[in-house]
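Below, each structure is written out as structure tokens.
The following pair of complexes shares a single chain, chain A, combined with chain B in the former and chain C in the latter.
Let's look at the complex of A and B:
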């Protein structure tokens, strides 16, 4: 029995689709049992969404009325909808636009930045832009997420393989630190360090003062960044038990000296602690507070 | 374990009219009947009364209740009462939940009659929140921790010595740790002390003996229950009540106290002479010296900072007691309880009133040294500059105390000290004039007023005034610009100026607080657990405070407090164990990432890192929840305040407004 799979892209960079292709040779095994019925990057199509889709992978966040319509249309036809990648699962980097007040930020980009010659917010022949960037689950029911920016090809493969064999896929419930080979130091950081500074090799980045989001971030990527000396930026969103990724990391730093963290104003807070999750983060409440002033 | 059906009983209290006057209590009880899992709901006049509690127990039996909610006053007041009630009826005490409809409802709204209907609604909302939470509660047990009858006392001043002798007399073993080379603390410096005008190194009589014990009689050194460590500091400290581990570091004394006969030949032979810190610059000492004539232990000590290691002392010593190359010694001890009696220091008012610049400006403590018959001047009052008896001594009160620029607290003893010295001067050198410049005179202790009356009778001048300027005159006298509080101004000449400087936290108090994980107050004194209800307890179970380390105190108060601390420390030690309920933090080790954030923030040292994960020592944990907030992986939860319990409580609270989602 062939499984009917569809993919779709919203506000995103197609990077998740590239990651899908990046599965490589294994993709051939998967495709044996698959009929790809709808996929804009892979199959050039303007046709309406076909019926009886078994699995739909939806990339990108919901930024326009068109995105929303398409997501709803796909939901109607698909039995199992997967939010594919950070934007779709948590709002993604796009969500940082919400820091600047949704639509106001759009106006700024089209009228104030030098690249925009017409100084005009486009309104004709383009879909209406939404007030805020949304994640997929804000508009339709989502059955599963594959997090990451981009998602890990191995993880995509394992999720698809599980689905094809009728099993329910599972994500790791743990945090990046569980997969990280760096030596844990039993001391909390006392001083923050910038990413360009050189860390001591083989030692936990967070305890050296680098803002590694590992503790609050869902495992599954094999800690590829921290094991190469790059602090985790949290692209896989909150781990199973974490209520809010950014808030959890902020809490974790709350015991540091005030001067170390008082420099974090809202844009930097959001960009650092909720880079991929701001659209779904409780930090968004801060914006409302800030706007009052 | 089969999940039993949740059967909630709700008991709404009228609290006489306290609640019933504002809240329609029967309506709240009726409302609760329809809430999920509630099988009984009713109201009483006084739920906390014996009858009220009996009714709760009857209904537990009748309706097979397994969760009990009382809607009444603050949990701070009666939660323990009702926990005991349900426990007696066979229910785990943590299956009890309280809704505060008195402090948070009836009392908050009692003045606005038009709010009464809304107050009833609010009471219903709070009861509903409690019902939602109750179904998520879990049964929590308790554990015991043995407490060995051993106490470490930090600081051998009047408080530390008092507590040591009391505990030792009660049969407990004491490790008395003192930083300086001699016992006695600041009191030993004082020569004679107020109230009794007796020698400062006296310690209170042992139980049952009326004879006053003097430190010079080696009372402490000979007590088999007391282990004395001089020149010793607590370098590392960890653990919890019943199992505190301390690493003590003892600096070398250079003299074997067991063989030394105190012949004094080494002191005579020593070529190095430096100012004596005990005398605040009034006298000098050798590099090998006896801290003060009555010092205990009875042996000289070598100050290795000024010692040149010339070896002359070793040559003349008839008993070979000198050990010039002794290394520091480390001792590890395990104790059940700790009393901190690390005392205070005197504020050094450098730059104020020419202190440190003019020779005849000195601290009350230096004057006390002068008054000591065995002190640097053998009890004689004299000017530092020319050794003449001063004709006019001025004293300035509240130097650094009650001063927003320095310390805002009142140092409590300076009025007495000034009075004591003024009276002493007038009694011994009647022709010397004494003038005290004060802001307020505060003499509140037993017998203190007598000093004041005596001082006035002897002709001591009291001026309520500020000193706006001090200038040194040609013969090292001092010209004071006095601004009286009544508005008049004058210039007063004195030969000697004595400053009543503030009592401040002891040097190193901050480091000690850090080592022992104790809190400090705004002034830097150690913080007691509760100013009124637990003044000798600290936030850490098993650590107690005595003496001036928590606030300025005089000797009498330090003695009271030492006795209180000794009796508090004796409670767990005499029982031999402490019972601890387990409503504490708990780590999910599969989620813990070993970042040690919790370890770093825990104010009670209740978390240890073991094998890369955090481990909660339940005996030490107070359930404050800081670690829960701080955990980036959300691997720590509080047993009685799990997220799901709090969320369901919020859900219950908001169920009526339809905004709760989670």
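Let's look at the complex of A and C:
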């Protein structure tokens, strides 16, 4: 029996679809039992969404009325909806638009920046932009998430193979630090360091002064960035024991920071601590409430 | 007959006009067990008066207060949140109040950005500083009266925890 799979792209960069291809040879094993019925890189997506879809992978956040409509249409046809990637699962980088009040940011880009010759917000022949950037679960019921920006190909493969064999896929509940091969944090940072500086190998990046989001981030990517000397930016969203990634990281850093650290000013929650989760954070939830008033 | 009477009774009372309604703020105060709770206690014991709107939550240390606690309190409709701890270098847990200060200062900037500025205050006081407790609560109460009710009060029903 073939499993009918659909993929869909909303406000995103198609990076998650590329990650799907990145599965490599294993993809051939998966495709044996799979029928791709709807996928915008392959199928003409102007057609209505075909019925009886078993698994739908939806990439990107909900930014326009069109996105919202398509997500709802897909939910009607699909039995199992997966929020695919950071944008879909937690709001993603797109969610940072909410820092500037969602729609006001759009107006700024089209009317104030030099590049735009016409100084007009496009309104004809384009779908209406929503007030705020939303993650998928704000619009429809989501059965499972595959986090990451882009998601880890191995993880996509394991989730898909689990689903094909009728099992329930599981995400890791640990944090990045549990998977990280670097020496565990032993001392608090004494100096703030920027990403371009070269870290000492085999030593915790956070204790060297790099802002590594590992402690608050969900494991499952095999700590690919920290093990190569690149601090974690938290693309996989909050780990199982963390409610709000940005706040958790702020909490941890405030307890770690010494007074004498040169240039170590805690940055704003958004952008650094909640780069991928701002649209789903508590702070943004409050902002939306204030705006409504 | 009795049914008719019941019906009359169950009709909701007419909403009183805004002029007659006085805004009474609800202030949530996180007090550390060793110092500021003691200060509030002393203020009570020495019969000093401070606003009754302050609802005290005793925590082991001000360092225990997660920024999420403050956000949650505001989300649930508190008009103002106070976080109070021991004087510097007098914390029972050595650095709890210093950590709390950093967190709260950061959070104040973030609340300012989303339009809830001024609704969070962080103060340090020892267990003997009942005067300061009265001063802080009174001035914060006045500030909240000026700011008006929390704009998030209508959100109370759609609280999501994730």
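Convention: the second predicted complex is superposed on the first by the 265 of 293 C-alpha atoms of A that agree within 3 Å, B and C clash if a C-alpha of one lies under 4 Å from a C-alpha of the other, contacts with A are read in each partner's own complex, and residues count from 1 in each chain.
Heads up, the rule we're going with is that contacts are C-beta pairs under 8 Å (C-beta built on N, C-alpha and C of every residue); 3 or more make two chains touch, one makes a residue touch a chain.
What you see is a predicted model; the values in this text were computed from it and never measured.
Look at A:174: by the touch rule set out above, it reaches chain B but stays clear of chain C. In the superposed model, A:280 makes contact with chain C only, not with chain B.
Contact with chain B, but none with chain C, is seen for A:214 once the two complexes are overlaid on the shared chain.
In the superposition on chain A, contact of A:206 is made with chain B only, not with chain C.
Once chain A of one complex is fitted onto chain A of the other, the partner contacts of A:243 extend to both chain B and chain C.
With both structures placed on the common chain, the touch criterion links A:269 to chain C but leaves chain B unconnected.
Looking at the shared chain after the overlay, A:254 reaches both chain B and chain C. Applying the stated touch rule to the two superposed structures, the overlap between the chain B and chain C interfaces on chain A comprises residues 243, 251, 254-255.
Within the complex formed with chain C, the residues of chain A that make contact are 99, 243-244, 247, 250-251, 254-255, 257, 259, 266, 268-269, 280, 282-287, 289-293.
Against chain A, in their complex, chain B makes its touches with residues 588, 590-591, 593-597, 599-601, 609, 612, 629-635, 643. Across the complex, chain B is touched by residues 173-175, 177-178, 184-188, 204, 206-207, 214-216, 239, 241-243, 248-249, 251-252, 254-255 of chain A. Chain C meets chain A in the complex at residues 63, 66-68, 71-72, 74-75, 95, 98-100, 102-103, 106-107, 109-110, 113-116, 151-152, 154-155, 160-162.
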